[in-house]
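Structures for review follow.
In what follows, chain A forms one complex with chain B and a second complex with chain C.
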Partner chain A sequence: MIPFLADIDPVFKVLAPRPADWLSILPEIAVAGLSLLCLLQAMFLPKALRFLIPNTARIGLVLVAFMALNDGPWTTVDEATSFAGLLRQNLPIAGVRMVFLLSALLTSFLAERFLQERDAAVADYHHVLLVVTAAFMLLVQSNHFVTFFLALETGAVGLYVLVGYLRRSEASLEAGVKYLVAGGLSSALLLMGIVLVYGALGSAGVADSLNFTQIGKALTAQSIAHTISPLTLTGIALILGGVAFKLGAFPFHAWIPDVYQGAPTPTTAFLGTASKAAGAFTLVLLATGPFAPIAVKLAPLFAVGAVLTLLVGNLGALATTEVKRTLALSGVSHAGFILAAVTAALVVPGATGFDYNAEQIVVIYLLAYVIGTFLTAITLVSLPAAEDHRRPQLALRGLLRRSPILASALGFGISSLAGIPPSIGFVAKLLVLALLVKAKLWWVLGAALIGVAISIHYYFSILREAVVRPTDADEELAPLDIPFGTRFLIGALTATSIIGGLFVLFGR
Partner chain B sequence: MDTFPATLLAIAITAPILVGLILLAGRDLPRSFASGFAFGGFAIPAVLGPWLLVLWSSPSSSAQQFQSEGFWGFGFALNGLSAPLLAMTSLVGLAAGIKALTQEVESRNTYLGLILFMLGGTLGVFGTNHLVGFYFFHEFALIPTFILTLFWGGEGRRPAAMQMAIYLTAGAMASLAGILIAVDAAGVEYGAATFENVIQGLQNAPHIPAATGALVLFGLGTLASLFPFHSWAAPGYSAAPTPVSMLHAGALKKFGLYGIIVLGLSSLDITGGSLGTWFLWFALANVLLVGLICLAQRDLKQLLSWSSVAHMGPIFLGIWVCGVSGKADGLAAAIFLMVAHGLSCAALFLLANAVRARAGTYRLDELGGLATRTPILAALFIAATMASIGLPGFGNFWGEVGVFLALRAQPLWLQALVASTVVISAVYALRAVASTFFGPASEALEKRFASAPFGDLGWAERFATFVLLGASMTIGFVPSLVTKSFSTEVSKTTTFSQHNAKAPVKAAPAPPAKR
Partner chain C sequence: MENTSLAHHLILAGLLFVLGLTGVLIRRNLLVVYMCLELMLAAATLALVAFSRFNRTMDGAVLVFFVITVAAAEVAVGLALIVALFRKRGTVQSDALTTLRD
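And now, the complex of A and B:
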């Protein structure tokens, strides 16, 4: 059909995808294919061979990661668009893909045993997980609000499923409904914003007022002529609000504690890393792309958002002793760090810290956050718990004696999240702070430092329970047997954390 | 450049970390093997550190020596100031290691491994040339300290460890902000932020944000237990296992002072204006208020912990007076005191633990009369106390006397206040000696001795104490061993601080005279 249409209509000739377009998103296609493979295997494999399903997914993800890291048509050094301007590759694309792939891979490791213990389907989980991963990988390349919204919603719908995945757990279902309602609200905000921008710019004569490139050009012209309509600004504010919801930034963070706590822990880890990363990259994409011309107007908004997110997240996390809830709220403060980096990029375009620009620093920060989060999540998942959503600090008591390797995983995860050397988390925080100094954002810098100081209290409280020498009354604590796979994963993540951090700092 | 000392330096820093890694990974290694291995980890730096100090040749132009091309850019290097501190750290590390090896603890290999990590981090602090590495190594030592205190610590370890972690991180964060702002103001790329580059850049910087000096002073001051950010220190040292107290109070804490001198004094004008006034009053509070707190202590380890906070006072005052007067003698004395205090303070913690191992308590009112039962322990404890209060023959003497002499141009009331501390510290230290070793033994102690007779100090602990006190006496009699390395650096630093005070006076390096 398409060649025929292309013959009669020149518009289709322009729009019809070229082979190079498909090649540019080969990693995303491969991940989507993997997710279908999971379903096919579930249909045709006998029960005895079902264990192959998560393993296929993991091997596939590793292969895709290798592909994405190596040069090919799917990587680009310069800015390039594909699919007639619907997609664009301009972020440090290999790093961005790696955040999502790594997050999905680690979630798969966490999920298999977790789901089997709770008698839930492993194949379906992997299917949805991979769809969401592919959607997020596309999202950060979108250059048009149609692809943007489609990719975002595909990811969001998949996450609704993953959050409410444990159908027999009230907490999981409740979290799923909450996430659905809150997510629906944010989608509505986003859509409203898109429509306002579309209408306001479209009536100002922009040919395709959903295309990022054209929006950017139109805003540049209008900001020089001082003719930006309030409608456009309202639309942009709504769009940024919708994205801030994904990131979990103040004041769109209220859903985070309940949903993170109630969701199955592997989903929480995925939500906290991949979904947050999607929000972060989208924010970078929008702030440095179509909305860059009004950076002067956006910067104060972002700065205030960063300061409040840092303080609200950290102070909120102080008030709870449920580990998952603490980590959820600390995730809000990490969103504040990312916002701070974006603010620096808005105030001083092209600002660098340790020779990295803001986009690269956001990627490094998120990779560090993935490693820290999963090291902590491995510990939580490996600890037996009657109810997944109730994991008080006290449940960690005596961990150093019960299983030194789990305790060291927790220690490393927590110190990575808290930003203590030699972990990559320290390096990531250092880069953001350096960027803030370069941009002379003293208030944000102050909030970030105060935030870190506060965070030590709740992070080290978690660690304290695991480490403190148990008194004799606790002697019945049985040693934990940790399977080899988990040990290997802990070792690999710890090594990556240290070597990766040193490499980022000194490897160039 | 001669690469041989550079290699020695790199080995001294990496050896404890590598041995520590192996011990952490090999939790089930047989005891004798692990002990030998760990001893190697403690002994290698203890040989190399002093050796590097002896190898030090007075530099004419460049103060950096033994610079290695870097281990992933950390750029290990010594300057005249850090060379004696590194040597002191390595000796304290050896003594702490010997103490740890004699202890019977749960999960011994992990314990030893974490202490080696702490030692490696502390050596790294003094052995790196890069500001990020400097900060990195200090924080690197924080997690082992926290874990060691929580799992192997004594009474009150839960709140003490938390308090310590929060104070240290808050202080470290403030100093990190100060460091980053200073590097930015110096116009140096972060990747190239060596001490030399940053100090040079700050000399010529058109504008340094006003808060930089305060961030560096109070941030690093928190880590060095400057009043009023000192309250973490005494509980932290008290609750920690003895080797950790020795390393932390003796060596790691000097990180803050070293940073204040190298970065703050040399180029951030921390002694000028109202900041300088605050600095003076806080340092005086360290001397006087904390001294009075020491008088009120009834627990031997608490007393030592508090007194190690109080002893920071003269060091701060030495730094302050150097900045104010632009003369080098105050700073030289402060650095000398940093080295000497590390040695004497570690020796006291070591011996106090030996007292506790015998008497079963640190409470002064339950101790007494130990001198007749354990004469060698008593003799060494008295010697260490003499060192600590600054009697001639030990290194502390040159430091304390140097600070007082440097203050001679200051108002009389200030001199009087500072001099009164000599009395205060003598009172509490000698009273502790008296109630521990002399007088009648308490009933409980008599009973304890009757049921389980204890012997005098063991050979391992004797050796560890001899290392520390021997080093203190060596620099007490031959101070040039230490001063030769930092005299050039000190005169340079002083010039810088004069540069900032806009009062260029030619500084004469005036280290304490050779005896």
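And now, the complex of A and C:
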């Protein structure tokens, strides 16, 4: 609140932030504060106490998660807006904020040892990680293209740093540069889209043509009067294209395998979960929010995108034996699943599967994907590798003998990703399929089922390697020593996967 | 301003944008590619200012400031990455980026 501005112009009286507005983004402020705390600790703590840095970050994240879970004084799960309509909160948005917090927490667990082994700074990594997390948490709340663009770009620039973090590794730098060019291109397309929508609607006399609510109202009126200009449609296409780039949906998925393979494995896991969640959820918000009035025009586009993304991702994953590339391309197919859910919401607005609407199903799907990805990533990070970007399936051989707990983590992670019954991944896929049945999108449903069938093949070829006995040549593979923290994490994630799945199906 | 219309500005912005996009797609030198990316952002900024001026709304002009800030942050990180890659590889040609494959 800036009192003197309110005196000058009555507009500021209406627009000035109220204390309740600041409360609504308290989790984001806390995460940003934590990220600064990481840097401060790195400056002032003696070397012997540096181990505190990632621990403070993790404790802080857990506290913020508890704060954000609460429906009440700090955050709301009811439909609400804050900062004069710049931000918006509701239950699915609260859920996806939790996805980001969880993803950052798990990334921090993976990153600490990984970075220490490679002699890279842990504090700086956590700083950037938390900034990106806070930015993504703001992104999903944005209800205005200025906050949207700023939050998205803050997240993207931070991710360039995290991908190219290992300065001594050619693979990491190469992935960083490739991500930079791909990300820069998508930002430029997105910005041009925003500009065209702003300009075209502004020329048509819409007052606040960057605000999602106003855009939605204007498009509703224009679509009834059939006066939507081609410029607006071009802008919307560019915006959706830019977001599809972040999500890694066909035909904007070309950068995914290289970047995921070259990035440090903790970053790969974060990219695959948080960044994908940001892309997926913003796509849902845009499609069901400001662009909902032209859903009829968008639905075929999304349906074709979903089918092709599912097929391209799964077929691509079949053709590679590098585990990180397989996971990257299977991530593309998961993006296809999310697109399929969005398509269903466009065809039948308010469609539900098992009493969950499309937004909620996307959040559940993302949560399942986080759990599956991190269980798999824990296995990869715990395995010694000469080069982080070379992790062939063969390297997993004999894992069951070397470390049963890692093998079970891999098994659970993979079955969660593939959608095998006891896991939450199965429940998530089931919900999307139910949604597709409700929307009567039979050919998208067909593509999804074919995708699942293909994915079981490549997922289980990874798992087979882990279960296969080591041959005489690699009999010397030593048993792996897994620290207590990792064991605990594996147990917690596995339990969450099963209990979460049951809760989603029967808990309400 | 009297002899120029919104259309003139938009055509110029569109040309710059397409020029940048073409450069990103066909050039092989990473620095040139990066400059082309910035050109695309500049084109969007130009369109933004034009719309803001001709539609008489301030929102676009405000967004321009944010875009410039974001572009500066992107350049800082981007150049650092490209320089680090050059130190490692001795080249910034995108054809030489072949570490990552099956």
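As a working rule, the second predicted complex is superposed on the first by the 498 of 508 C-alpha atoms of A that agree within 3 Å, B and C clash if a C-alpha of one lies under 4 Å from a C-alpha of the other, contacts with A are read in each partner's own complex, and residues count from 1 in each chain.
Here is the rule we go by: contacts are C-beta pairs under 8 Å (C-beta built on N, C-alpha and C of every residue); 3 or more make two chains touch, one makes a residue touch a chain.
Only a predicted model underlies this, so the values are computations on that prediction, with no experimental measurement involved.
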item	value
Partners on chain A (chain B, chain C) - clash or fit	fit
Which partner, chain B or chain C, touches more chain A residues	C
Touched partner set for A:421, first chain B, second chain C, both or neither	first
Partner chain in contact with A:400 - chain B first, chain C second, else both or neither	first
Partner chain in contact with A:209 - chain B first, chain C second, else both or neither	second
Partner chain(s) touched by A:502 [first = chain B, second = chain C, both, neither]	first
Which superposed partner A:441 touches (first chain B, second chain C, both, neither)	neither
First (chain B), second (chain C), both or neither touched by A:199	second
Superposition-derived angle with apex at the Cα centre of chain A and sides reaching chain B and chain C, degrees in steps of 10	140
Shortest CA-CA distance between chain B and chain C [superposed frame, angstrom]	22
List of chain A residues in touch with chain C within their complex	145-146, 149-150, 153-154, 156-157, 160-161, 164, 167-168, 170-171, 173-178, 180-181, 184-185, 187-189, 191-192, 194-196, 198-199, 202-203, 207-210, 257-258, 261-262, 319-322, 325, 389
Contacting residues of chain A [partner chain B, same complex]	353-355, 400-401, 404, 408, 411, 415, 418, 420-422, 426, 430, 433-434, 437-438, 445-446, 449, 452-453, 456-457, 460-461, 463-464, 467-469, 502-503, 505-508
Parts of chain B lying in touch with chain A, wherever the complex brings them together	24, 27, 70, 72-74, 106-107, 110, 132, 135-137, 139-140, 142-143, 146-147, 150-153, 157-158, 161-162, 165-166, 169-170, 173-174, 176-177, 180-181, 183-184, 189-191
Touching residues on chain C, where the partner in the complex is chain A	6, 10, 17, 20-21, 24, 30, 33-34, 37, 40-41, 43-44, 47-48, 50-51, 54-55, 57, 59-60, 62-63, 66-67, 70, 73-74, 77-78, 81-82, 84-85, 88-89, 97, 99-102
